[in-house]
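Below is a structure I'd like to ask you about.
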Amino acid sequence: MFFHKQELQFKASPSKPDAVYARRLQEVLGGQYGEISVAMQYGFQAWNSHKPGKYRDLLFGIGAEEFGHVEMLAIMIAQLLEKAPVEQSEAAMAADPVLGAVIGGTDVQAAIVAGAGARPVDSNGNPWQGSYVTASGNLLADFTANANAEMQGRVQAARLFNMTDDKGVRDLLSFLIARDTMHQNQWLAAIAELQAEGTETLPVPSNFPINQEHREFSYEYINFSDGPAAAEGSWAAGPTPDGKGEFSYRDGPETSVPMPPPTQPDSRFFGT
Amino acid sequence: MFFHKQELQFKASPSKPDAVYARRLQEVLGGQYGEISVAMQYGFQAWNSHKPGKYRDLLFGIGAEEFGHVEMLAIMIAQLLEKAPVEQSEAAMAADPVLGAVIGGTDVQAAIVAGAGARPVDSNGNPWQGSYVTASGNLLADFTANANAEMQGRVQAARLFNMTDDKGVRDLLSFLIARDTMHQNQWLAAIAELQAEGTETLPVPSNFPINQEHREFSYEYINFSDGPAAAEGSWAAGPTPDGKGEFSYRDGPETSVPMPPPTQPDSRFFGT
Amino acid sequence: MFFHKQELQFKASPSKPDAVYARRLQEVLGGQYGEISVAMQYGFQAWNSHKPGKYRDLLFGIGAEEFGHVEMLAIMIAQLLEKAPVEQSEAAMAADPVLGAVIGGTDVQAAIVAGAGARPVDSNGNPWQGSYVTASGNLLADFTANANAEMQGRVQAARLFNMTDDKGVRDLLSFLIARDTMHQNQWLAAIAELQAEGTETLPVPSNFPINQEHREFSYEYINFSDGPAAAEGSWAAGPTPDGKGEFSYRDGPETSVPMPPPTQPDSRFFGT
Amino acid sequence: MFFHKQELQFKASPSKPDAVYARRLQEVLGGQYGEISVAMQYGFQAWNSHKPGKYRDLLFGIGAEEFGHVEMLAIMIAQLLEKAPVEQSEAAMAADPVLGAVIGGTDVQAAIVAGAGARPVDSNGNPWQGSYVTASGNLLADFTANANAEMQGRVQAARLFNMTDDKGVRDLLSFLIARDTMHQNQWLAAIAELQAEGTETLPVPSNFPINQEHREFSYEYINFSDGPAAAEGSWAAGPTPDGKGEFSYRDGPETSVPMPPPTQPDSRFFGT
Amino acid sequence: MFFHKQELQFKASPSKPDAVYARRLQEVLGGQYGEISVAMQYGFQAWNSHKPGKYRDLLFGIGAEEFGHVEMLAIMIAQLLEKAPVEQSEAAMAADPVLGAVIGGTDVQAAIVAGAGARPVDSNGNPWQGSYVTASGNLLADFTANANAEMQGRVQAARLFNMTDDKGVRDLLSFLIARDTMHQNQWLAAIAELQAEGTETLPVPSNFPINQEHREFSYEYINFSDGPAAAEGSWAAGPTPDGKGEFSYRDGPETSVPMPPPTQPDSRFFGT
Amino acid sequence: MFFHKQELQFKASPSKPDAVYARRLQEVLGGQYGEISVAMQYGFQAWNSHKPGKYRDLLFGIGAEEFGHVEMLAIMIAQLLEKAPVEQSEAAMAADPVLGAVIGGTDVQAAIVAGAGARPVDSNGNPWQGSYVTASGNLLADFTANANAEMQGRVQAARLFNMTDDKGVRDLLSFLIARDTMHQNQWLAAIAELQAEGTETLPVPSNFPINQEHREFSYEYINFSDGPAAAEGSWAAGPTPDGKGEFSYRDGPETSVPMPPPTQPDSRFFGT
C-alpha cells in the first residue's frame, strides 16, 4: 500500500518560470531513465521478488522514494510552465526574437494538451512506456540494470544542471543528483553482497549448468572489426571477472559453417 | 563499413521445425534484450565514442559479431517455421488437439505477414524499437548497460534452453550462451579497467563537480517503506563503493517541505 | 459504405501560410483527442454495436461527419505549410531571426517526409495510434468516453484559437468548436437517455450482479492522502449518484492484510 | 511524498496458480484502463491542478489508493504464474492437451522475460504507455475522463470475474469492482459539484467566449449517415444539456464549400 | 466530405462464428498493410496533392472505397466473435481440448476490452499507427508505395483465404482479393502514366538536378557480400531502367576513406 | 556473418558543426525510410528467402552496404553535434537570437540523452521501429517495397540537400543520393526480371488461383468520390498491366447489400 503526504522531500520551485527548460526537464521525469522508470522498475522487481527480507525491503524502500521524485519533478515542471505564452503568432515572434526562441524550444503539447502542465513523456514528447522497465527475476542482473539506470539518470541530471542558471532548479537537481549518487552506491553494494553471499554469482544466471554452454567459446574474444588496439585491454588476456577462465584473443573467427539452404514453406504462403 | 560473408559463426539448424518455439525464440532476436538491441547498442556507442583506441575497438569488435547473431537467429527461426501449418480451421483443431495448441502458441504474423519467416519483433509480436538502445557517451554508464544487456540476454537464453529438447536449437543456444558469458566478462573487465585507469570513476559521471550536489543526502539510505530487514545490508552502513563516503540509515525522511501552491497559468488555457 | 464528395462542410483556408502554426494544428488532426480519434472511435462503436436503431444511427451519423473534419484539417494544414522554407542553414537564420524561430517551431518531418503536407501525427510528431480508441461494447461507458473526447477536443481547439490571429484559421476553429459544442451536448443527452430508458444505469456495467461486489467497500471514500479538504465534497457524504448507497469518509484504510509470501517459481527460470 | 507499507488493502492470493488467467489479468494492471493508468492519471491531474483544496485532495486521495491497486494486481499475477511450466516442447503438448492450451494461452514474455513475474503490459503484451493518461488542466473534462476510466475498468473487471472460478481471484475482483463503483460515483459527484458551484459548466471549457464559435452550428444535428432512427433521440430535438440552446435535426449538410485548390510548395520539395 | 450509407459493398457475414479466425482477420483490418492503412494513405496523399484532376480524383475515389472495406472487415470480425466464450477456466479447458485451443488462439482483448468486438489493431494486438502511412508529395514514389501496399495486402488476404473453410468468410475474401487485383493494376497503370506523360520520371525525384549526385556511383553495383550469383542479374550489367546509364559490377568497394577522428564535445556533457 | 572495417565507403565530415541540421539528418538515419530501415529490410528478406542464388545474393550484397550507410550517417551526425551548446538559459538566448533558434531547432535528446551523439531515432525523436520493415516472403511484393523505400529515401535526401550549404554534408548526400539512384534502378530491374522469368507475375501473388477471386470485380474502377477527371486515366479503360483483363469505369457501386444485424454476444460481456 502507498500513502501520500502533501509535502515534498525537498523544495521544488524555480526562481522563475522557463517554459523552454520545462521541456528539457521532462526527460528525467518521463524519459527512458527518468523517475517514472526507476519507480516502476523497483516496484515490479519487488512485487516479483522470490526472497523475503533485505533485498525486497531495499527495492520497496527506494522504489517509494522514487514515486516522490516523480511528484517533485511534475510539480517543478508545472511551475516552470506557469507563464508559458498563449499568443504565439508570427507577428508576436517578429516583435520579440526571444519569444520566437521560446516557442521553438517549448513542448507544444505542454500548452495545447496539458494547459501548462507536466506530462508522462520525455523531452521529445515520446510517451513513457512499460518497455523501459527491467524486472527479470534474477537479482544480480536486475541490480546491474538498476545501477545502470542510476548512472544514466545522474549523467542526464548533470547535463541538465548546466543548461540552466535558475537557482531553484539547480537546487532541486543538486538534491536529485545526490540521491542518484546514493542509489548508484546502494545497487553496487547490493551487487557485491549478492556475490559475496553466493546468492548469485557470475556469469549470470549462475545456476544455469555451465557445462551446458559451449565452453570453448566462453572466454575467447573474437574480433569482428579491424581495430589494432582491440587486444590491449584486460578483456583480451588474463583471468576473467567470473573467476572461471582465461581470456584469449582471436582476430576474427577461426571456423565457420555454411548457411543452411533456404526454407521451402507451404506453397499456400505464396512466397516466391 | 560492414562486409557480409554467406557463412555462419556456428551451425543454426533445428532437428525439426517447431513453429511454437519459433515464436519464443523471437524474444532473443527482436526483444528488449535481443541480438538486434546489442548489435545496435554497441554500434551507436562506437560511432559516438570520444576516444580512439581500445574501448572503441572493443565496441566495434563485439558489435559486428552481434549482427551475425541477429542473422543466425533469423535463419534458425525461418527453419523452425518451415512446416508451419496453413489450414487452421476449427475443424482441423477438433481433429488434432496438438494442432490446436500449435495454433494457439504460434505467432500469427509469422504466417500472415512473413509467410513463415523471421521478423524484427519480440515473442509477443512487439516491433523492435530504438528506445531499447543506450548510448550516453559516458563509457562507465554505457558499459554497465552493456553488462546488464548480456546478463538479461543470458538469462533469457537459459530459459529458452529448457523450453525445447530439440538438439539443433539447444546447440545454437549453447553457443550463444557461451558468447553471452564472454561478453558479460568483457564488459565487467572494461568497467574495472576504466576505473583502474581513472578514465572514469564513481559516482558516474565522475567529472561532475561533487560539491555541486547536496552531499548531506549522498550517502543516506532513507527508507520509504517499512521492511524490518532494510537496514541489514551493506548498503545501510559502512564505506560506500565510490570510496567517498559512509552509508547511514534513516527510517523515512527527517525533514520535508510544504508543497508549493498550485500554478495559475494564463486563463486562455481554459483550465479550472 | 462511405461516399466522398470533393467539397467541404466549411471553408478551410488560412489568410496566409504559417508553418509554425501548422505543427500546432496537427494536434487536433492526429493527436490523442484529434479528429482521427473521434472518427475511428465512433466508427468502431457503431460497427460493434449490439442494438439496431437510434444509438447506432447516432454513431454512424456523427462518425461520418468526423471523417470530413479530418479532411478539413489536413487541407488546412497543407495550406499553412505552402510557403514552408526549404533553405534552413544557420547563415539564413543569422540573417533573419524570425526564420530561426520558424525553423525551431515547425515540424521538421512536415518538410522532409511530407514535402509540406499534413500527416497522421500529433503536434510533437507522434504517430496516431489505435490505442486512442475506446469501444467497449457498453454504451454508457463508451458515450462517457465520447463526451470526454469532445470536451478534451474543444479545450484544445479553444487553446489553438488564441495561438493565432489568422482570420481563416480562426474561422475554421470557430466552426469546429461549435461542432464540439454540439457533440458534447449530444453524448450527454444520449447518456441521460440510456439511463432514463433503463437500457443501462449506474454503476456501469449495470447488469453485473451488484451482490458479487464487496458492497462494504462500494461507497466508502478511503483517503490515502492527507488533504484536510478531502472530506468536504459531495463525494464524501450523502447519497451516491447511482442512487444505491450513501457516501462515507474514512481517513486511510481501516484494515489491511499482510503481503502474501514471495513466489517460488521453477528454478529453471533462473531467478534468485 | 509517497510512503509504502508492506501490507495490502485486501487479500490478493489465488486459490491456485493459473498462468493462462495471469495473462488476462494483466489487462487491468497495465492496459489502457488498468490500474497504472488511473494511478498516473490522478497523479498528473493533482500535480498540475490550479486550485488548492477539495478537488486536489480528492485526486491525491484516490490516486494513492490506485498505486496500491497496481501492487495488489502485480502480486496476484506473480502468484498465478508461480507454477508456470518451463518445458513447453511439442512432445510435452502431445502428451497433455491441457498443457497445450496453457502454452497457447499464456504470455510467453511472463516466462522468458520476467521469469514468472508481472509486467507493466496489457493482456496482449503491449507495454503501458504515457499516452493513456489524460490531464488537460480542465477539471470538468478531466473528471469526465476519470468517470470513463472507472466505467471501462469496471466493465473489464466484471468480464474477468466470469473468466475464472478461482475463489481467491474472484474475491480480489469483488473488492476492486466495489472500489470502481465507489470511484465512478465519486467522479460523477465531483462533476455535478463543479457545475453546481459554477467552477466549470457546459460546454467545456465554459470560459471560452461562446460568441467566438459559429453558434449557428452549435445545436444542429447534421446526420451524415442514412439511419432512419437518427432523429428519434433526445439529441435531435428539445433543450440541450448545456441549457443554452435547442437541438435541431438536418439530414446531411445544408451548404458546403468547394475544396481550395491544391497547394504549390517550393519546387525543391520535389513533389509532383 | 464523407457520407455514410448503412449498406455494404459486398456481403460480410460468416457461416458461423470463429473467434480464433477473428483474430487472424484483424491483420487486414488494422495491420501494417490492412484496410485502415490504405484508406488513410490514399486520403493523406489526396489532401496533400499538388495537382488537381485525374490523379487526385483517383486517390479520392479509391480511398473512399477503402474506408468501406474497413467497415466490412470490422462487421465481419464482430460476427466471428459473436459466440466467443466467456468462461475460460482451466477446468473448462480440461473438459474440452478445442476450447483450450480456442482460448489460446483468440485475441484476449477482443473479449476483455471490446466485449467481442473488432478493434483498430493487427493480429498480434499491436495498435494501428500513423507511421504505416506514406505520403511524400511525390506521386511516383507514393504510387509505388500504393502498389506495394496492394501487393502485400493481397498476399495476406490470400494466406487468410486458406486458413479458413468458412464459406462466408471466403466469399468476402474473394471479393477483397479481387479489389486488391484491381487496385494493384490501377497504381501500376498510374505509375506508367506519370512517366509516359513526363510528369515524373526515374530516378525519383526526377527534378533533383542529376549532376548534384556523384554520378560515378550511380550505376555501379558494389557487392558487400560474397554470393557468386550476385553478378548474374540484369541489375549488374546492361542499360538501367531509368534510361540514363549502364550497370556495372564490382566485388566490394574500390576505394574507401579513413574514419574521421572521434568527436570532442563540451566536457559538461560528461562523456568519457 | 558480418565483418567490420574501420573505414568508410565515402568521406563523412561536415565543414563545420551544425546541431540544427544534425536533427534533420536523423530522418535518413533512423526514420521510416532511413538507412536502418533498408539495412534491416534487405537483411530480413535475405534471411527468409526461399531461393538460393541471384536474388538472395542481391539482398545480401545491398543490405551489407546499407549497414555501412547507417554508420556514415551516425558518424556525420556526431560531428555535426560536436559544438552543440550546453548552456541554454533564457538569458543566453536573449543575448544571442541565433542561439535561440539553434536551441529551438536541435534535438534536445541528442544533448541530454546522448551527450552530443547520434541516436536510432527520426528527426522528431521517434525511435526506429521494426514495423518499418517489410519482408513478406513474396519477392515481387518485397522488391516493390524496396523500390518504394529507395524512392522515398532519395526524395528525403534531396530535400535535405537543399536545407544546408555545408560542403561536407552536401558531398555525403551527393554520394548517398547516387547510391539511391543505383538501388532504385536495381530493384526495378529485379522486378522486371522476376516477371520476365515467370518466377512471379501480376497480380501478386500470382500463384493464388485467380478463379478464387470474384473476377467480376477485378478490373472495375468503382469511383466512390465525385471527381470529374476520375475516368480519364489509363486505369479506367483499356488493357490492365497484369495482361489479364480490361479496365472498366463505374460511378459508384452498382449494387450493395444490407448490413447484417448487430451481434448479440454473451450477456456476461456486459454490453448494452
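In order of appearance the chains are A, B, C, D, E and F, and numbering begins at 1 in each one.
We take it that a contact is a pair of C-beta atoms (placed from the backbone, for glycine too) under 8 Å apart; a residue touches a chain by one contact, two chains touch by 3 or more.
Keep in mind the model is a prediction, meaning the values are calculated, not measured.
Subunit C is reached from subunit A by a rotation of 120°, derived from superposing Cα atoms (nearest 5).
A centroid comparison over C-alpha atoms places D as the chain most distant from subunit F.
Comparing mean CA positions across the assembly, the chain most remote from subunit C is B. The distance from the centre of subunit C to the centre of subunit F, with each centre set as the mean of the Cα atoms, comes to 30 Å. Subunit B and subunit C have CA centres that are 34 Å apart. The residues of subunit D that reach two or more other chains are 1-9, 32, 48, 52, 56-57, 60-61, 63-64, 68, 75, 78, 86, 97, 100-101, 103-105, 111, 113, 115-116, 121, 124-127, 129, 131, 136-138, 140, 155-156, 158-159, 162, 205, 208, 224-225, 227, 253, 256, 263-265, 268-271, listed in rising order. Chain contacts here are complete: no pair of chains fails to touch. Considering their complex, residues 1-6, 48-52, 56, 86-91, 93-94, 97, 99-101, 103-105, 107-109, 111-113, 115, 121, 124-127, 136-140, 194, 199-200, 205, 207-208 of subunit B touch subunit E. Of all the residues in subunit A, the ones that touch subunit B in their complex are 5-13, 32, 52-58, 60-65, 68, 75, 78-79, 81-86, 111, 115-116, 126, 129, 131-132, 134, 136, 138, 140-141, 144-145, 147-148, 151-152, 154-156, 158, 161, 174-175, 177-182, 184-186, 188-190, 192-193, 202-205, 208, 212-225, 227-230, 232-235, 240-242, 245, 247, 253, 256-260, 263-266, 268-271.
The residues of subunit F lying in touch with subunit C in their complex are 18, 20-21, 23-24, 27, 31-32, 97-98, 100-105, 122-126, 155-156, 159-160, 162-166, 224-227, 252-253, 256, 261-265, 267, 269-272.
Here subunit A touches subunit E in the complex through residues 155, 158-159, 162, 268-270, going by the rule given at the top.
Of all residues in subunit E, those touching subunit C in their complex are 1-9, 30, 36, 40, 43-44, 47-48, 57, 60-61, 63-64, 67-68, 70-71, 74-75, 78, 113-121, 127-131, 133, 135-138.
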